[in-house]
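Note that the chains take the letters A, B, C and D in the order they are written out, and that residue 1 is the start of every chain.
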Amino acid sequence: MSTNEQSLETTFQNKIDSELKIEPKDWMPDAYRKNLVRQISQHAHSEVIGEQPEGNWITRAPSLRRKAVLLAKVQDEAGHGLYLYSAAETLGVSRAEMIEALQTGKAKYASIFNYPTQTWGDIGAIGWLVDGAAICNQVSLQRTSYGPYARSMIRICKEESFHQRQGYQIMIELAKGTPEQKQLAQDSLNRFYWPSLMMFGPHDSESAHSAKSMKWKIKRETNDDLRQKFIDQTVPQIEFLGLEHPDKALKWNEKRGHYDSGEIDWEEFYNVINGNGHCNRQRIEHHVKAHEEGAWVRDAQNAYNAKVKQRQAQAVA
Amino acid sequence: MSTNEQSLETTFQNKIDSELKIEPKDWMPDAYRKNLVRQISQHAHSEVIGEQPEGNWITRAPSLRRKAVLLAKVQDEAGHGLYLYSAAETLGVSRAEMIEALQTGKAKYASIFNYPTQTWGDIGAIGWLVDGAAICNQVSLQRTSYGPYARSMIRICKEESFHQRQGYQIMIELAKGTPEQKQLAQDSLNRFYWPSLMMFGPHDSESAHSAKSMKWKIKRETNDDLRQKFIDQTVPQIEFLGLEHPDKALKWNEKRGHYDSGEIDWEEFYNVINGNGHCNRQRIEHHVKAHEEGAWVRDAQNAYNAKVKQRQAQAVA
Amino acid sequence: MTINTQNDSTADIIEYALRLGDDSLILGHRLSEWASNGPFLEEDIALGNVALDYLGRARMYYTYAAELSGEGKTEDDYAYLRDERDFSNHLLNELPKGDFAYTIVRQLFIDVFNALYLPLLQQSADENLAAIASKSIKETRYHLRRSQDWCIRLGDGTEESHQRMQKSLGELWGYVHELFEQDALEDRLIEQDIAVDSSGLKDKWLAQITETLNKATLAVPDAEWAVRGGRKGYHTEHLGHLLSVMQSVHRRYPGAKW
Amino acid sequence: MTINTQNDSTADIIEYALRLGDDSLILGHRLSEWASNGPFLEEDIALGNVALDYLGRARMYYTYAAELSGEGKTEDDYAYLRDERDFSNHLLNELPKGDFAYTIVRQLFIDVFNALYLPLLQQSADENLAAIASKSIKETRYHLRRSQDWCIRLGDGTEESHQRMQKSLGELWGYVHELFEQDALEDRLIEQDIAVDSSGLKDKWLAQITETLNKATLAVPDAEWAVRGGRKGYHTEHLGHLLSVMQSVHRRYPGAKW
């Protein structure tokens, strides 16, 4: 590393240590840039792929109100995808490149979306648990060191809390509804609880990117801390619903001031990540199909814009 | 016309007048051949296109028994299409040519299949009324002058009567069922009664092909006679179901020994024939789509057969 | 609103509100099928917006019908517990979403129609219908700009996009005629200045469509076919499939609240 | 049939019969979607035949389960009044019909499996299950010949047909593993010689598939992925849509007879 680079890196780290934001035009280490591109684009892809499991129930939503709320939510996810792609673009990568990385499997998206939505209850559980887990993460990312990312997070967090409340509302209606509805709620809780805990990633001891990310304040809290927060906040919510907690080993630890919980089935976690989820193939195929079917539209738009430019140029000449 | 042709035509007409069948290798007038190709292929196309309106309810049939019966019926229709294409092929036209004529609109199919199937009751009404009308026609065609066509008709008639009974059974279940089911039956009867009468074609006075077809015994009974038979047989069936007759002008005519009936809305008839039915475009588009999607399968089969032939030839050499 | 005290008119108005509600619900449903299927993210969002606007209108019309009926009905009863034969939307709204060109052409047809229709409905002697129209007009202006823009871009884009647009125009043309037709029920309401007389709108509609298509280098179809029946519940085979999906959960749990 | 007097076994047998019934119904349903969609008329007919055979099996298994349950249930109660989470078919059966290659590959996988499975089920200590197996074996032999023939024709046909077959093999491979897996319920029934132990069939299955694919100039996929869960009601998103359509009319008219 040259002296110049060393001094740049020192300035960079000082800035971070003083809680100043790094902005697109600022110098930054290559690894910082890469790490951010990876994380932001993965986050963007998750929003976009997340349209699918929930979109799966728009046409079947059991009331017009719920249909409108769900449609608006799925639309918000597309919007979040947009902000995040834009934030990543400030780091010098194009949306087309990111989409290509998603479709070829080079870039990842949240593995939770490889679980199928089987019942209307799943729409409640996803809003409540999956968005809830996402928020725990995103709240801490509002203070992330990269400016455009932090600002996207502030905007996204507001909408996500709204989504979480809507999801929990669905759960309340179900849990306080007919016995069959309550059964729907319990079943969805059972299926989505553990995968939600997995959303925080491996234990800190196993996490590949954590140390560096913490130093650079890309991440502000560790996987395990965030997960603990989520576990703790979810207990009274389950109680309020009058549902059974899926974790039979769950126990209040007076000393820690937290709940101790049963161990996550990491084999399942890696199993789903590695392509054995119900929907891994389906999600990417769906994305590729929509993208390919839209190619002629994008081409037409470009062709039209070029024509307009040409006409304007001719008009000026 | 040469003397030779005249004598051939005399022999041909004598044969017909003596109720002998014309067979593929027999001499026949060009117009007879053309007329037959038109009629048989139209009949074949009707069976094939008829798969669609009924196929529309296979996935929604309300009991497993009905699902099996309906699936078998639709399959029978495909079978009838096959016999009839084969019968037409004996006249020197290929199935591919006939399909092409169907898809480009040169050949027709029964206009009844341009009406949509909107409810499960329609499956009953089609079996009962549409197949019933078809049978009236086909029974008389068992004695048609062209041998292969007559023999197809004998085979087809057996299955069609079976279908008609099944359709009527559906109507009985509905008409004797809950008030809502009875309403389904009445609604389907109302929608399919008049179009079924139209299936016999225009009045004899208006029918373009009738005179010649009667002379050649391609047709054995006139449109109006067949229609009258159908009207008469349907009255007690409607009564048995306890449904209202859709023809408010219907009245028994003691002198004629037949029912007098209200006038058919011929404007609607020609309207639907001329492309303004709900399903005209859909039916042909569906057929074209399935045919195009199957092109690679047909190609593969031909390629494989050619390979096998070539290998056999090489093995012999 | 003296009219609502007359029983006959009330039944007519309920039916009229349901017709407008059905048009909105079914079109909104079709548009909602674009979620995660658009040609790019911005379109997922924009189509979702339009879908939401239509869904919103459906809810207002149904809620008004439910109020008038005085039978304790809700918007959901109309959406989820009626059968195909009870739905009275124009056929144009129920046709499958098709490709993007098909969706844009349908929207153009309907947006131009609504841009003419809603200002008249806003003058309705029925204050509730007038109020719904007022809320909808602004949305429709935005929808219309979008449809016109897309129509021009795609018509005057590539050869493929031009062909797709022209094909969709041909496929949808026969379904527009019933938008301008009325039956005795609407005639009665027109006489009371409640319903809109759409029969007089066809010339203006055609002029505006022609103008947009000209800009888009597309030809106005001259095909003579016309399919009709939506207002009488006489639908294409597409609607039944839409309803069997849409109503599946609601019907599965009778009486449940969501 | 002394076994049926034991309550625990009865519940197990009902569940086992439902599993086999669900496999048959869902696959039969998918095959029935080919009506009017085949590549030529002969195939509309042939696929309809296979669909009918599976539908017939479903009815036999369900009817037997209904008899055992002794609650006055019918075959239709199982087909029409259970929810997605109650269905226990293997996932392979519920995947969409796909193109003709996809359908043929799935049939090949299942036909080879059934040709091994049914002769063992025919030996079941449960006479009713044995009888259903007996009736089905002949059908399956015919199905298998068809699948093998088509597989060879399409694999060794054109470049396009070869590619489509290879693609379908890749897409379906991960779904075959659960065919050879059992849970405690089936283990209990295996011990009583009622259920078939399919775990031992995998090698034979693979050998036969390999033989056919070799003849078809197709490669046996070596991908390591495996998706499972059907027997526990843990389904792909495709099944829900199938059921919402399939059950729509039946659920719409509760208690009606057809």
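To be clear about the criterion, contacts are C-beta pairs under 8 Å (C-beta built on N, C-alpha and C of every residue); 3 or more make two chains touch, one makes a residue touch a chain.
Not measured: the values here are computed from a predicted model.
Graph distance from chain A to chain B, where chains that touch are one step apart, equals 2.
Chain centres here are C-alpha means, and the one lying farthest from chain A is B. Two chain pairs are in question, B-D and B-C; the one with more C-beta pairs in contact is B-D.
Chain A and chain C have Cα centroids lying 35 Å from one another. In chain D, 83, 244-245, 248-249 are the positions where the chain touches two or more neighbouring chains simultaneously. With touch defined as above, residues shared between interfaces to two or more other chains in chain A number as follows: 60. Viewed as a contact network, the protein chains fit none of the simple shapes, being neither a path, a ring, a star nor fully connected.
Pairwise, the chains that touch each other are A-C, A-D, B-C, B-D, C-D. Across the complex, chain D is touched by residues 83, 241, 244-245, 247-249, 251-252, 254 of chain C.
On the chain D side of its complex with chain B, the touching residues are 25, 29, 32-33, 35-45, 48-49, 51-52, 55-56, 58-59, 62, 75-76, 79-80, 99-100, 152-154, 156-158, 160-161, 164, 242, 245-246, 248-250, 253, 255-258. By the touch criterion stated above, chain B contacts chain C in their complex at residues 53, 56, 60, 116-119, 187, 191, 274-279, 281-282.
Against chain C, the residues of chain A that register as touching in their complex are 48, 51-52, 55, 58-68, 71-72, 74-75, 78-79, 81-82, 85, 120, 170, 173, 177-178, 180-181, 286, 290, 293-301, 303-304, 307.
Touching chain A in their complex are the following residues of chain D: 83-85, 91, 171, 174, 225-227, 229, 234-237, 240, 244.
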